[in-house]
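Chains: A, B, C and D, in written order; residue numbering restarts at 1 for each.
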Amino acid sequence: MTPLLVEVEVDGVMRRLSVDRQENGCVVLLDERTIPVDIYEPMPGVLSLVIGGRSYRCVRSAMMDEETIAVGARQYRVAVTDRRSLRGQRKRPGAGNGALQIKASMPGRVARVLVTQGDTVRAHQGVVVIEAMKMQNELKAPREGRVKELRVAAGDKVASGQVLAVIE
Amino acid sequence: MPSLRKILIANRGEIALRLLRACRELGISPVAVYSDADRGALHVQHADEAYRLGPAPSIDSYLRADRILEIARKCGADAIHPGYGFLSENAEFAEACTAAGITFIGPPASAMRELGSKTRARAAADRARMPRTPGSVRGLTSPEEALTLAKEIGYPVMLKAAAGGGGKGMRAIRSSEELPSALIAASDEAARAFGSGEVYLEKLIERPRHIEIQLLADQHGNVVYLGERECSVQRRHQKVIEEAPSPVVGAELRRRMGEAACRLAREAGYVNASTVEFLVDEAQNFYFLEVNTRLQVEHAVSELVTGVDLVHLQIAIAEGKPLPFTQEEIALRGHALEVRVYAEDPESGFLPSPGKITRLLRPGGPGIREDEGVYEGWDVPTEYDPMLSKLIAYAPDRATAIARLGCAIDEYVIGGIRTNLKLLRRILNDPDFQAARIDTSYLDRLLAKSAPENTEVTGDTAIADAATIAAVLFAAPAAASPTSQAQTPWQQDALQRGLHGGLRR
Amino acid sequence: MPSLRKILIANRGEIALRLLRACRELGISPVAVYSDADRGALHVQHADEAYRLGPAPSIDSYLRADRILEIARKCGADAIHPGYGFLSENAEFAEACTAAGITFIGPPASAMRELGSKTRARAAADRARMPRTPGSVRGLTSPEEALTLAKEIGYPVMLKAAAGGGGKGMRAIRSSEELPSALIAASDEAARAFGSGEVYLEKLIERPRHIEIQLLADQHGNVVYLGERECSVQRRHQKVIEEAPSPVVGAELRRRMGEAACRLAREAGYVNASTVEFLVDEAQNFYFLEVNTRLQVEHAVSELVTGVDLVHLQIAIAEGKPLPFTQEEIALRGHALEVRVYAEDPESGFLPSPGKITRLLRPGGPGIREDEGVYEGWDVPTEYDPMLSKLIAYAPDRATAIARLGCAIDEYVIGGIRTNLKLLRRILNDPDFQAARIDTSYLDRLLAKSAPENTEVTGDTAIADAATIAAVLFAAPAAASPTSQAQTPWQQDALQRGLHGGLRR
Amino acid sequence: MTPLLVEVEVDGVMRRLSVDRQENGCVVLLDERTIPVDIYEPMPGVLSLVIGGRSYRCVRSAMMDEETIAVGARQYRVAVTDRRSLRGQRKRPGAGNGALQIKASMPGRVARVLVTQGDTVRAHQGVVVIEAMKMQNELKAPREGRVKELRVAAGDKVASGQVLAVIE
């Protein structure tokens, strides 16, 4: 069997692993250490790992385009990429200069739109206000730019993850 | 009054389920009402009867007093329990229940009015010889009156809305220059929020603790206090963690606060459960803050340390039964802490995080009580308060209760939405919280500091390694379970597909 | 002795998780061990460390004292908690731990031996001036001796195995004719089950209640009792429901039983937690039965009424700390009941029902504690005791605790395997149980009566109608969810397929 | 839409229903009563029904060849059949004269086999003893007959539902 080579971004740090499937688990090569891992999957989205005698219950949660792994009280934001498609992918918001989508972080209703198309916005300037659970929440531009598109108007219902505006 | 046979629960979420359980335990049939967003909610599933109120917004559903009364009449309910929030402090609704011959499980409308207005309650506090913050006992009528009063009691002062709650219409004023414009702004805000622009002025207490007394009063004039709760861990005047007893209240202070609260209840002709809130300063002076004329969210911690069931007693009181114990028979034992689990993201400015709960693993074991309002698969609606559940720990002492609650949070898994569990864990780990060095601005101070990184907490990277490996195994399911779909040899190409499938699920 | 830092938990199931939680709360690192059948068990998932013992059978895993000690040494555990069952009452194991420099959380081997043999314990009871049933204090040596003794104490008498437990080697004898052959049979059975054919004879108490005293003894000679538990609801000498306090034990009887139990513990040089079991007759005479030199399954009900944590205290005692309270400081408050939830089918002769738990909905809310050992998706192994979970209710009084526990059982859903939940509910509903008219043969009498039919319980057929409709909707999923796969018009043919699919899933 | 006609055996009683799907629920014709049913499925295997204002949480559990519906503490054994295939199907054990399978009611190990092939057995006579969870359990012949097949021997591991013997 060919070991799997992957790169994982964990809490913003990129890590390289090789994973080789074995009976009852796998052998991982991480940071030049060879780590045998005993694996049990009690239910979908939950993995019990025993590594060198230490036991970890790892729970996956996917929210919008983000994935976290919780181990006890600790939560890690992770993003797994295969090696070939690594470059140019999963760029973090605000990191580059391309067009950037502002998405609703929760379902709700558009209370106000604070900009108009063509406006220049500063980083962290409010763009759209969403109301949900009795609270108003201002979604901000992650970096400076120009409002290329405005896809919602006051009063619109929006779904979680829906694109509200595009900054370029 | 005969025993109640059927109670309509005019609420939703965890409190509806908690009330429903109490009804069942007493052999009373619980009736649920629900909005369109709540047809699948736990309280509907577990009720004996369930009736639709209307569309999701509260104003069209849980605030529809007329619909609720009509349903109560039609289904033959002989009482309504309003829970907290919604109609629970609405005197007109209490009156309408009484007029319809339906028992309102709560105080008489008159007592609710007397204590519901903060200015009237302050006047009642004076009659009950209860310490309060220096300041007005009626609404301010002019900026001149405000300036004179403020000078008299000394800056800093607080402007507050008489009908207020939740921090609206509230302003801290540190000098006379700020006062006139703040008065106008506060009054405007209060008028918009509560339909009354009445504001009053009181001395600002620096770094106060929020400590409140739980009361029970029956229809026969018996009033008792069941110790205090400390609720100093707040954000924007919303309680986050509550505990009983308060780590700073001794027997003597408890007795003085409790007796003052009982005097106020007697003064107002109060019946049923209520809470008298106080601010306590660093010198252990206590000042009357306001009265909540209903069951509190945080009532569970009092139940655990006193051994009583407040909802059972609310119902008994409504049935006309005398309190089953005297003040002398009430003893506190052990320590209880409650955390409010919210669907919100503390790391993004506390944005609400409604949505589908894709995984729910609840803690259990000794000393753990959960008053839950959600289940795995439930879609948390956007229309209501984002509280999912109350997680409560009881232990012989405060340190053990904190440790126990922390462990329960570590066990708790809520997947698919963001919650404040990690923040709650951080508070419980905080040395200041553990040493009870808290006041109402404690949480703001904690939040101003940056949260410790995962690696700082442990000092080793083994847990991060496990998370890293788990992330890969989740993304490539074949790696996790050799006996599942991918029994073919482990191949690079198949795995690339596995990775994408895993990420995009 | 310094504080413990790492404890190996030599057990499985709910007690392993309960012990593990206690360790975490005390800041002690818990280490799990597991058989091949338990790799996915909760106690493995939640431990800090986990080590494989061996194949599924107990003899190859949880009874492997050598493996467990080797693991404890290798991982640096400074103590072992044996839980109940398995190695918990094995004096050789306790000695081996001590020899290896590892603290055994339990009594010294000497006290375990002194009280573990029923005949030696009866002799110790005499020295401690503790009432016991008339009969022998050493093993019978001949049928003649047995006949003489039986005549002396009067029939009916009981034959019991000195090393016994769980009803093996036990015979009720009503006349001298039965005795000689029964003696041989009992001795043979005891020899096969326990490796010792020693049997003794005692007076049979008619319709006794099983009532036991919880003890704690520290290393400094302090011994206290934490009230009693009544465990009269039994089947084949296995407890099914336990409660504290006993509904028939008043303050005076409690004091007499408690003090007698403390005398026995002192007599035997006992340290740590133990339980002294008694039979209580209808005239409230109490007779020493036996000592359990370990934590009991049913310890939780004592914790709830006394407000202490017995496992925390076991650990503190093992660390050499003195008891943190005196006898006078121990007070009972409220009432607690526990049911043991088993994977068994009471309707088919209590056949075990292992298998995969396909749905698990756990109860919650006020006064409910669950010490759980399973989760949704867990495959209950065939190799061990079929207890899934302990469900415990606390309330101010017995009637409320019974009602509360009944409601919790109603909420509890365990799908995919058969359980005794329905029988537990039936007991809680039974007027005799509610009136505390129970003794150790109560459950056999109840089981001899036929269970009430579903319709008899309600008197109406609406619930059966709902079940009927639900059965059809489950069988034809399209009927339940119009937005699911079958969005096409409701068609006879598609439904026929749906029906079959539903049934055969 | 054509209403669905079905027969359901509930706790041994055969009942006939017609179910007509509607918005948010269905209309059931049962015992000549027309019953509107409001339906919500909180999770697979669980249905919340509101019928005439009364609320029922119905939980399905399938064990071996048996299906139960639990409503609160009450459990109903149910078997749904479509009308055409009703006759001759789902005959209860012991009811007829055909060949009859004795199945393991739980996973375990065969402790003893009490009959040999060709033996005549009485109703309720023990056939095989299975050991599981420290208990021995005797599986009995549901009616008199002859042991046509014996498919296990002492010491064999058996799965739940596995056929152990056939009586004819």
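Everything that follows uses one rule, which is that contacts are C-beta pairs under 8 Å (C-beta built on N, C-alpha and C of every residue); 3 or more make two chains touch, one makes a residue touch a chain.
Keep in mind that what you see is a predicted model, and the values were worked out from it rather than measured.
Engineer: Counting C-beta pairs in contact, which comes out ahead: A-B or B-D?
Structural biologist: By the number of C-beta pairs in contact, the winner is A-B.
Engineer: In angstrom, rounded to a whole number, how far apart do the mean CA points of subunit B and subunit D lie?
Structural biologist: About 47 Å, centre to centre.
Engineer: Taking each chain's centre as the mean of its CA atoms, how far is subunit C from subunit D in angstrom?
Structural biologist: Measuring from centre to centre gives 32 Å for this pair.
Engineer: Using mean C-alpha positions as chain centres, tell me how far subunit B is from subunit C in Å, no decimals.
Structural biologist: 38
Engineer: Two-or-more-chain contact residues of subunit C, please, as numbers and ranges.
Structural biologist: 46, 361, 375, 410
Engineer: Send over the residues of subunit A in touch with two or more other chains.
Structural biologist: If we look for residues of subunit A contacting two or more partner chains, we find 54.
Engineer: Touching pairs of chains, all of them, please.
Structural biologist: Touch list across chains, by label: A-B, A-C, B-C, B-D, C-D.
Engineer: What part of subunit C is in contact with subunit B in the complex they form?
Structural biologist: 17-18, 21-22, 24-27, 46, 300, 303, 307-309, 311-312, 331, 333-334, 361-362, 364-372, 375, 395-396, 400, 403-404, 407, 410-411
Engineer: Flag every residue of subunit A that touches subunit B in the complex, lowest number first.
Structural biologist: 1-4, 6, 8, 10-11, 15, 17, 19-21, 23, 26, 28, 30, 35, 37, 39, 41, 45-47, 49, 51, 54, 56, 58-63, 67, 69-76, 78-82, 84, 105-108, 132-135, 137, 160
Engineer: For the complex, which residues does subunit D have touching subunit B?
Structural biologist: 38, 40, 42-43, 48, 50, 53-55, 57
Engineer: Which bits of subunit B are touching subunit D when the two form their complex?
Structural biologist: Residue list for subunit B touching subunit D: 32, 39-40, 44-51, 75, 375-378.
Engineer: What residues on subunit B touch subunit A, complex-wise?
Structural biologist: 343-345, 348-355, 358-359, 361, 382-386, 406, 409-410, 413, 415-418, 421-422, 425, 453-454, 457-458, 462-476, 478-482, 489-492, 495-496, 499-500, 502-503, 505
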